[in-house]
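Comments concern the structure below.
Letters A, B and C name the chains as they come in the text, with residue numbers starting at 1 for each one.
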Amino acid sequence: MEKEVLLEVKDLKTYFYTEDGVVKAVDGVSFTMHKGEVLGLVGESGCGKSVTSLSIMRLVDAPGKIVGGEIIFKGEDLLKKSEEEMRKIRGSEIAMIFQEPMTALNPVYTIGDQIMEAILTHQDVNEEEAKKKTIELLDLVGIPDPDKRFNEYPHEMSGGMRQRAMIAMAMSCNPDLLISDEATTALDVTIQAQILELMKDLQRKIGMAILFITHDLALVAEMADSVAVTYTGKIVEYSDVRSVFKNPHHPYTYGLLSSIPSLLSEKTKEPLPAIEGMVPSPYRMPKGCHFNPRCPFATDICRKEMPELNETSPNHLVRCFHPVNVKENVS
Amino acid sequence: MRNYLIRRSLELIPVLFAIAFVSFWLVSKMGNPFAVLLLNPHVHPEDLRRLEHIWHWDQPLVVRFWFWFKDFILFRHGWGLSVMSPGQTALQLIGSRIPVTVAFSTTSMIVAILLSIPLGVYSAIHQYSISDYILTFFAFFGMSMPTFWFGIMLMYVFAVRLHWFPAAGSHAAFITIKGMPVEFNKAPWYLRTLNEAWYLTLPTLVLIVFEVGGWLRYMRSSMLEVKSMDYVRTARAKGLPERVVIYKHAFRNAVIPIITLIGLSFPGIVGGAMITETVFAIPGIGRLTYQAVMHQDVFVAMALIMIFAFLVVIGNFLADIFYAIADPRIRYS
Amino acid sequence: MANEDYVEGGTTSNESYSYWGKVFKRLKKHKIAMFSLWLLVVIILMAVFAKPLSFGNNPYSYIKSVPWAPRPELAPPGPGHPLGLDSMGRDAWSRLLYGGRVSLAVGFICSFIGAAVGLFFGLLSGYFGGITDMLIMRFTDFMLSLPVLPLMIVLSAVIKGSLWTIIFIISVFSWMGVARLVRGEVLSLKEQEFTEAALAIGETPGRIMWIHLLPNSLAPVIVAATLAISGNIIYEATLSFLGLGIRQPTPSWGNMLNGAQTFMLTAPWLMWWPGIAILVTTLAFNFLGDGLRDALDPRLYR
């Protein structure tokens, strides 16, 4: 079942020119998303996942700049579009939801107003219709008493409801791609589960693709069809979700998965294995493979050269000179 | 919301009372208001004592204060006698001087608001541009300027040297109509207003520069802070036109603290008006305060201090009210 | 790990060092602020070395006559008297320099007292909360509701002015802003765990306030104090201009402008220099304060 390609990111590079030096937040990231697919973009804080999503939306602020690559959305390169063309795409074809719903919503306007605004901007309807649609959306995302809530301000709602409202806002124009940037990180675990359910549900109903950005591997396992693991601005492992979780090839992915505590594991009595060291400072990147100081399998070549993304198993890309768990020996 | 208003209004009363008492205590130390009357050879010490008795001046401080406070609240007895202007009560004297001060200080505030808000927003949107640097420098200039000196300089350049504006006073004694000098009070209202506006231009300018200095910077920094807020990013991510993002989303939030600031600037404007009136010899309540202190006119000085205190307190109060109206987070909590 | 390890705002002594180092480094990038800093150093040095810089003139002595003017009063600039003579026949240049001493001293001292008093009230109010907080804040609000300039005028008339009475009068009105600021800082610092940790190891409130809370609240206080200096200099100048502040014959930038309208026509130069001195000094302090504020921005806490 070959699905249509929706988004192709090719060698995206976004650098930040700060007074302390150049930060290569996104340094050659490539991935492909199909219609209706959920891609999980995983990595620790500061590895460039948010910047990737902002780059797709072309919302990167100074001192950041997209310096290279292509973002082919529905066949057209977004990086070549004018600001006015991008504006038409934002909110209507590609929508984004953010981490902190309290600060992401304007405190002085009602949520009804803020959702209606999105509809009125992109669709040719009058206010009354927009209001009706908004109330329907609020209902769709599971907000009780939607006509009352329409007139409420963000601070009058709970965190879970605010995030639902944000989702309603994002969905209002039936986008083809939804970018969820750590949308559930700030929520309680139970609310988190509800929101994820909601997102999955909507995705099925509408056939929307989701770029699901998170640092939480468990969420990825639940939500995603494919996974891309990022480290210091580069993708280090990219495959479908089963392959990555059952057979992680990159030492980093392997380390992340091993450090998840499990009630069922035989290793409950042993100390939790943690990846040694810390994410390097963007101003002092190690030479060669950026992961080498923390990698238990590092050798000389790792300290000198940066590996390319290779297909070590079918449809399973890894950026490593010594991938683990590989059936045939590649070196 | 109504409860909030009521509570805040009630809180004003003890504050005003406390200010009144402290001020009265201080001002009484200036001296006996009636003693100056002794300069008149026709006034005998017994007359003085009788006057003092009528006005309760021979009683202890607290009693004196109580009688004065009652008179003030109820507008009785003209708030006391004026020493500087014999024959007039304090209320009459103050009443005659208030209009001028109100006229030029409110005009300055309105103009300052109309200038500083748009310029502050512009400055923030075009941060680091040449116009931003110029506006910021101008704002600092206005903030740092000693108002009395600026008034003197304006007077020197525009009045004394260039003769574009008059140097002192609030209006001319005579206005020329069809070649004939007409007494000011007998001239038609529009000519009178025009004439006063001409006289008050320089003093108003002094206040405007001072006010714009502070408010422009504040508007700029408020706007800068709001510009980088998450909800502005959300607004852009929704595909809203930049104009809507800036004016509907950013500005609406950025302007809230400015409203508060303007209310809290009342004390500064009061002080500024005082100095400017003194420099330009304008017969307003600012200059009157200075004169009252110099002449040890206790009743007039006290009444004026209470008026200023009232203005300051009202300013704070209005600032709170507007803040509550403008920010739904306060309104509905 | 020693229990001196605090979250966020608290620091080990090593980090403290580089914190101020970082601050200074950031400040250096702010060119106008640095320029203002050097300018202020020059101005302060000029005031300090007023004696040698006066070319042998004295701000108090009445010059009997000058060869280039019929009368010594309001004589224009000439050899030995770069700014001419004032309305009483005294050398204006030396008065400007010595006046600088007074105006700057008043600015600094009032700012310092205001900061100290404000810190004191703010720490108590923020740390103890409850009734202490309520009382102190009510008092602060009351003081903020007073009409400042009118009362300063009354106070100056009532208390016969000497340098220290003026300092007292201005300081009375300059601590409230700092108090509120410090209280806010303390309230947010209290939320952080290191306060609880300190209490848990048995430190007294006094020590906590002095060793932990005070250093961390200092940053905004320094900014506020720097900015307050300019306000205080203007208050002194205004009061002196009205004849109420520093009394003659002691020179101050403000009282040199007293009655400026009278000599505006005959000796306008006497009007410029004290005013320019005030303007430049206050501008410099404002720029410096602004630069400090940017350098001490909480975004420094990474």
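The rule is simple: a residue touches a chain if its C-beta (ideal position, glycine included) is under 8 Å from a C-beta of that chain, and two chains touch if they have at least 3 such contacts.
If you're wondering where the values come from, they're calculated on a predicted model, not measured in any experiment.
Colleague: Using the stated contact rule, I'd like to know whether B-C or A-B comes out ahead in C-beta pair count.
Modeller: B-C
Colleague: Using each chain's Cα centroid, which is most distant from the centroid of subunit C?
Modeller: Relative to subunit C, the chain whose C-alpha centre sits farthest away is A.
Colleague: State, to the nearest whole Å, the distance from the C-alpha centre of subunit A to the C-alpha centre of subunit C.
Modeller: 52
Colleague: Averaging only over C-alpha atoms, locate the centres of subunit B and subunit C and give their separation in whole Å.
Modeller: 25
Colleague: What whole-number Å value describes the gap between the mean CA coordinates of subunit A and subunit B?
Modeller: For subunit A versus subunit B, the centre distance works out to 55 Å.
Colleague: Okay, in this complex, where on subunit B does subunit C touch?
Modeller: 15, 18-19, 22-23, 26-27, 29-30, 140-141, 143-149, 152-153, 155-156, 160, 267, 270-271, 274-275, 278-279, 289-290, 293-294, 301, 304-305, 308-309, 311-313, 316
Colleague: Would you mind writing out the residues of subunit C in touch with subunit B in their complex?
Modeller: 141-142, 144-151, 153-155, 157-158, 230, 234, 237-238, 241-242, 257, 260-261, 264-265, 268, 271-272, 274-275, 278-279, 282-283, 285-287, 290
Colleague: Using the touch definition up top, name the residues of subunit A that touch subunit B in the complex.
Modeller: Residues 57, 59, 61, 87-92, 95-96, 98, 100, 103-109, 117-118, 121-122, 153, 155-156, 166, 169.
Colleague: Can you name the residues of subunit B that touch subunit A in the complex?
Modeller: 228-231, 233-242, 244, 249, 252-253, 256, 326-329, 332-333
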